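One chain, chain A, appears in both complexes that follow, with chain B as partner in the first and chain C in the second.
Showing the complex of A and B:
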């Protein structure tokens, strides 16, 4: 096999990416061992790998994962129900849509997570503060994408529904909602990503809950390998979540 | 004739508000009335929902103290430095990945999947690396804005019209000339979009870091107001912060000529 054939192969980019990552890790390990990088600031990558087992076993990661998952799921269910209903409301009442759509878009780009001290006062240092922060952060994309999806429903489908004399709710359930579902799910997916980011972030900030709190706890104990391992774990969880929701989105996307 | 001789006076100008504006004003008034009613009713704990007058007074007081502007300038400089560091490195990485298909396939998935992870979890690491001072906040801002700018630049690079690149090559432009005369002008729209996204997340990253561990900046003031249970002040600061963040976002778009690009 020639070099050109190898570089053209499908597995090469993956191997190059993973190989480079491995080399970088080994270089960091070597630099720490020879003393170029201070091991009290950056722990040895091998120590981080070893810390994984300790973090999983001793820090009760299953329970923490369950709690974070529960908070994200509750907020996710809330953004889906409220977001779709509000999107439907704005779709049906055009003047309300024209008046508020830019506000919803502005809310999507606003730094709502900074309201967490306010939510702390209202809901106390509890899971509800985290859930509500996730809800507020994840709601705008669901509303916007619901409006977009419902507005993009092909006229012919609506006319077919009307020719069958479907009532308003029937037209929504049988025609509008199924046609808009792929776009709505794009919004739900974006909303879920924002929700997860905020849930873990607020857990870390208020030192309460699951995985976010774990990082804070380990950092406060100056358990550097544990902190790095926990960060890697959270990254892994969010990447898995991201890949899973992306897969569902692709599955729902209509075939052209 | 009678018709022709009739004096056609221009219709008196009537001020008629757009229905959408009326609805908007109505919604704002409704929210304010509801807010005041809740504040006066005492349904919630005292001061959790302060009266509009108290928030207005706090807002005026906040904006008339020089101390606030000093904290605002600290945050602005941290966000600005973070955006410069993260933005320039993101631009560089985006140019490299966008210009090379192999590198893009190898490394872009890492950026793509790391992009939506909650960046605040890196704060303990940033404290270790850069200390508890402004350095760690700048680093948080830089990490936050790096991903959207790098991904947006890489995507923009791939969308450049091949004709433009061939024109540059036919003029024997060197790498620097290609970058400044062809690539960057052609990628203006995605880069501005990336900077807008990056600015938003840099503000969030920096301010969250300030709320967690700092003795200066707007984030510190917000968490201080929370600790002192000075709710009107907290609301006032959040209002100013939202206006500044949304305004800065709009300003970047306007300075970058995003509206003119869209109109074409």
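Showing the complex of A and C:
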């Protein structure tokens, strides 16, 4: 097999990514072992790998993973539905868009996680506080990117729809939405990142279940390899979401 | 033999009116736009009539209101004086009898060729099997058999425009309205696609109105050519093209073809010159203002 054939193969990008990660891990391991990085701040990657078994067996990781995944998925579904609808509303009503778009953009960069005491008062110390915090944090990018995607739809595609006498809802479903889909999904992915950060962050802060609470527990016990192993599970949740959203996008719009 | 009809100064083509029972009648259209420099009259008392099965080309320099006329007839623009009628029915908004082919690339990039062509049938509520069967016929008509499952991004510009034409034809409009459909294509593709459009038009006996600024394209395809004035857009002249049918791109090498092209260019040169001078003046003023 030639080098060109290998680089063209489907598995090559995945293998290259995993290979790069492995090299980075080995470099960190080496730097810690020679003392360039302080091992009391960053544990050895080999210790983190060894900690996985302990975290899985002793820390009830499956249930915690499921809870964090469920909270993030619920908040993710909410930001997608509400964000796209609000984006559509602001796209259709220009005066409303002009009045609120700056505020929505400002909200995207605001540290909403600091509002968790208010959410605790409203929803109590429950999963709903965490879900709503994730929802509030992840909503603005979905709204903004939905407006951007719908506004960027080429005029001629809308005219084609109108020339075939499409009704308003038909024009949205058959033309505007598919045309804006790639941009909307950029917003959904961004929103999911904010949502997941806030879900884990609030779990950490209010010490309520999930992977965030586990990270808090392990950090307080100064179990650094365990803490980093738990963080790896948060990354796994994130990877699951990205694979899921990519799959949905491919299903809705098979080509790009 | 070049046959020319000179119209009254108002620009109203008196030769045909709604009373003549023409399929498409554009009656005394005035369309004005508000611009920062004041009101701009895009169409000034434009009237025309296209008989069933006829191929009419509308030609004029850039800025003469050709695309405005296209949008008015297609029902995409409102707020104008006058009326557009199909048969005895006045057009308010997009009309099922009028199919539009746009200048810009207008295929849906997220749909395959067959899904694009079947689009109007899907809107009409036809079952998937029926609409795909029907779409295949129109795909064959534009010569794209074998490309049904390809996406527009996998096709050339000319092929994409043929998909757009097939999609419009699939809605089976009585009148086909085309706004410079070959403007973005190279000359050879343009001539060959012209052949294809002529062949389809002859086969379906479809009333066709082609908006263009390309004289050879207009002479190659049309039964009559309507020449428009530069701003405000009026009907300057209607030229009947008396070339034998069926025509193909071979006709461009004939002597009569050359005479028609020269005749229309004589009409158009004055308008194009005015347009160019107007653009230069506006650019000069814009430069001074900034």
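Rule of thumb we're sticking to: the second predicted complex is superposed on the first by the 175 of 256 C-alpha atoms of A that agree within 3 Å, B and C clash if a C-alpha of one lies under 4 Å from a C-alpha of the other, contacts with A are read in each partner's own complex, and residues count from 1 in each chain.
Here is the rule we go by: a residue touches a chain if its C-beta (ideal position, glycine included) is under 8 Å from a C-beta of that chain, and two chains touch if they have at least 3 such contacts.
Keep in mind that this is a model prediction, so the values were computed, not measured.
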First, second, both or neither for A:72, with chain B first and chain C second: neither
Touching partner for A:170 - first (chain B), second (chain C), both, neither: second
Residues of chain A touched, compared between chain B and chain C (which is higher): B
Which of chain B and chain C A:253 touches, first, second, both or neither: second
Which of chain B and chain C A:181 touches, first, second, both or neither: second
First, second, both or neither for A:156, with chain B first and chain C second: second
First, second, both or neither for A:137, with chain B first and chain C second: neither
First, second, both or neither for A:122, with chain B first and chain C second: first
Touched partner set for A:110, first chain B, second chain C, both or neither: first
Touched partner set for A:48, first chain B, second chain C, both or neither: neither
Contacts on chain A seen with chain B and repeated with chain C across the two complexes: none
Contact set on chain A toward chain C in their complex: 154, 156-157, 159-160, 162-166, 170, 174-175, 178-179, 181, 253-256
Complex interface listing, chain C residues touching chain A: 74-76, 93-94, 96, 98-100, 102-106, 108-110, 119-120, 123, 151, 153, 168, 171
In the complex with chain A, residue positions of chain B that touch it: 19-20, 23-24, 27, 44, 48, 102, 105-107, 109-110, 113-114, 116-118, 120-125, 127-129, 200, 203-204, 207-208, 211-212, 219, 222-223, 225-226, 229, 231, 234-235, 238, 241-242, 245-246, 249
In the complex with chain B, residue positions of chain A that touch it: 7, 12-14, 16-17, 20-21, 41-42, 95-96, 98-100, 106, 109-111, 113-118, 120-122, 193, 196-198, 200-201, 204-205, 212, 215-216, 218-219, 224, 227-228, 231, 234-235, 238-239, 242-243
